[in-house]
């Protein structure tokens, strides 16, 4: 039985709390949130206690693992605190929006030898996982081109965007992880174009809300990502991998399979609304996997290095967008 | 070069006239219609002459083949006239709505030894033809069940319905032909239920506008047909054949492949509007086939006997619907 | 907090046990199975106790509700035992395969005034539920025709079939429930054709493994059901409802949305394998609903009467299949 | 009645010859091909004569219009010859693979005031045309991003590639035209990545066989094109246009709508094989349109300038691919 505690009782924290509770080999002991009433409400619902501070969790000898689902700017220091306390860490992306800060944090994690899982949940979605498995099995030969479409139904609150580091570092980072995971290598050159179509406020922050990034790998393989913070038709999560012997593609997912036919045409409902709904199974699977890793002593993947490499790509894309020219990964600060 | 003449300058006559004209080995000499201006208009468009009477066509030694596209109640006597004149005959379904009259006509055709092609055009549609070919090649093993969906966008004019013999004899007859053609045998027992949902006027004529027919073959194979004279979402033409090793299915066809995604959902246009559009290629193919039969001396299929057997099923279905009990094909007048 | 106990630790029992355990307002106290090791194994997994007899459960004052997931021939007497013990009852279909026995059982339930929920789970599937809601909201006008397709991937063990009462009473009963639920009324006339295509052993038992049933309602509405115990392409669960202003349709559901494109064509995986997978969400939803009913004092639906009416249709279909003629519902034994 | 003559009796010449012949207001008088037997064979089939030289066509006072379907390197001089002879010109793309040569040719066309239609046939495809119409009608608001997928089933003969100017100038030029036509403006900045995955021989010629091009318009709108000379799953022609209020998308087209379901999954046939099949209707429509332009005195579109602007983009993409940096359109030789 693994004892978890949770930092952050927001949307994603609630998902993880429920998933811990339903796991036969896990329990949730404490929940912390800066908004204590949010922590209390969730704790009551899942039968956990409320921590009055993060430290109460880190210093609790009963706690085996912490789930970090707080705002992104707090991740790095909570990861460090947890590492120093010897806890296994399940952290929402990103470690930090800054590469140097991220590396610093990962060094501390390394020094303390704790387990760090970075929750790029898409890897645990049944469709994404099946596509990768089939790709590795050679169903379509050698990969040549990858296309990722990631569009959110609507931009987040502007205050969130301000602190997020922008579309490339906060949103497209999922696609950078996906690209590396599917292709098995990190791209070496990145070119980005972008614009602000959805929100003038985002433009004023100096960020894009829409972008297309083209990357090439050392091998010549091409990866193309398009993201937008607003898609009126909902959450759009698609993949195409073209190989020497065919293509594998992932389409969107829907709550029901009902279609309507009348004089206006044939109508189908929108895709599952957003990440909470679309990746509900992935959130379950990633937690099951993390627990299995803890129980077997296996190091989980993706880990902090995966997060670092995706952030490098995000940084390169951001710079390319600002400068209007392709960026070599070697230009981006490193280790 | 085969010289055709055409009886009937209506909707389907115009289709055939154009298809004759575009065939490199055929020409259209004369067109007759009770409405001479309709004949004239079409003749001018395709560069043909106008016949002042059907007899002018039948007695014209230059004419090799006649296409009969006049109202259904005139088919039988025109077929007989053409047979007596020694012309090859391309006749729209049905020969007649009455079994006895149909048999009488076929006897005359037989006596004169002329070629008679009964234009069940669906057999020449690329999708239907491919499904049958693949079925015969054993792709899904031995057929066990067949489902046919045939729904028209809107009922025909009530005057047309009055003379047509009703849904079973006029509309579902296409599906009876399809069932026999796909399954390779004539069903022996027929059960029909029906109703009038689209038009009270059709009900007053004593006809159904909507029906489901279940038929069984000697072999035990089951065929199920559903028809409606009104489908607000357009012309619905689908097939499912279940075999011992799988299913083959045909979906609807569309003018374009455009889809629209917005906050209201995902929308697709309606199927091709009606038979003229849906079976445009089938009309071309059946004429090409008929000409090839004439040129090679091969007897075309479907022929008058196919029409007769489909009419038997229609007759059985009609009686079943009226009586509320299944009808054995042997109960239906025959030869 | 509602305390459940479970009779039957087989496939469906395990599903319900897990779903009780994950519900925040429910607990599972005891599990009984004739195979005590099966009960023990499940009990250990979900943290419940093992009952040495059904009576131990019925006589346990802590137990609020029992879930009956044992073989069908035991349902009726367990329901009666539970009713006499004053427990709320969550029973898998059917009450019994015999109409008289079912009525007898329901009389006892009624006499003891306990809550009885009959678990036709399809009603709780998101797609089926959405279709019905939209139908009731009038999206496609007045219903006119209903088509249900229900095909299992493979026949059950022959011993199961022998005791089941056959395809109509055991398998198609789900579709009879669905038809009544969607159309809001019980059909009055039933015609069935059937055959044995999948298994000669089923034929020897005097049962069909494949059937098409056509039913009509007093109102004239037509319902058509096709079932097969074997579909090589997997579990096929589809619906079409045609109304005066359009059609609503439900397609199959898939584990992933991956498609493969290569020189052999475009390939998609099979539907979710069988009812456990296809209706996983429905099993969760129906239990949530049952618990909500218990907590609010609302009588759940579907109940025993729904089961009885579906069994009447099954009985009529079975007799129609045997006799080759349509059966009026009034011919079937009643109350 | 418009009298056409045809230069080039190859694959595309045969399509146009048949389409002229089936048009009620057009006739085909003469066909020229360097391979006289090819000209003869086609002429016999469509009832035309054979020209012993291009000049015989240009000097024939009966000829109103010429269709140029010869190899691309001959287009410019045939267009000039036709212009000098005062013929209306229907020319396959490109005018020439070189920008300067193209401009020179267009100047001569302008000087002689003849009609020049450049046959970018996709504009006349029902799906592409419907998408653009709906886009202009504002169905999805203001366009923001465009994605074009164009993949051929297999590379052309290497000798063809050698003379073609490469993927950007020969193949992607269709997509450059499409992008400008759909977005209503010429992109101003072009970035290309590419590779040789299909054919080492193409690599040796210094060309790519696969590429992704990202372009931006003055307005900030983004257009992304991906092309490959080899797609094992066939001819892939798709479009997505994202606007402020939704997305319009075009999928592939298929000869039949047959699907197969068995234990291996659900299978669909490949898209229509290649451009001749996929754009059969577009070839008919563009000729009808050209004839209507001639009859009404309207100037047809696309014209030589459209071809020039697309070639500018191709040139920019080619240079971007070679240099690894984005190219401003102003860097490309112009007028």
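Here the chain labels run A, B, C and D in written order, and each chain numbers its own residues starting at 1.
By definition in this document, contacts are C-beta pairs under 8 Å (C-beta built on N, C-alpha and C of every residue); 3 or more make two chains touch, one makes a residue touch a chain.
All of these numbers come straight from a predicted model, not from anything done at the bench.
Chemist: Work out the mean Cα position per chain and let me know which chain is farthest from subunit B.
Modeler: A
Chemist: Tell me which has more C-beta contacts between its two chains, A-D or C-D.
Modeler: A-D
Chemist: In whole angstrom, what separates the CA-based centres of subunit B and subunit D?
Modeler: The separation of the two C-alpha centroids amounts to 40 Å.
Chemist: Please work out the Cα centroid separation of subunit A and subunit D, and write it as a whole number of Å.
Modeler: Taking the mean C-alpha position of each chain, the two centres sit 42 Å apart.
Chemist: Distance-wise, how many Å sit between the C-alpha centres of subunit C and subunit D, to the nearest whole number?
Modeler: The computed centroid separation for subunit C versus subunit D comes out at 58 Å.
Chemist: Note the residues in subunit B that touch 2 or more other chains, in rising order.
Modeler: 231-233, 245-247, 261-263
Chemist: Within their complex, state which residues of subunit C touch subunit A.
Modeler: 21-22, 24, 45-47, 126-127, 130-131, 134, 139-140, 245-253, 255-263
Chemist: What does subunit B use to touch subunit C in their complex?
Modeler: 144-145, 147, 151, 189, 191, 193-197, 210, 212, 214, 216, 220-222, 224, 226, 228, 231-233, 242, 244-247, 324-326
Chemist: Going by the contact rule at the top, pick out the subunit B residues touching subunit A in the complex.
Modeler: 231-233, 261-270
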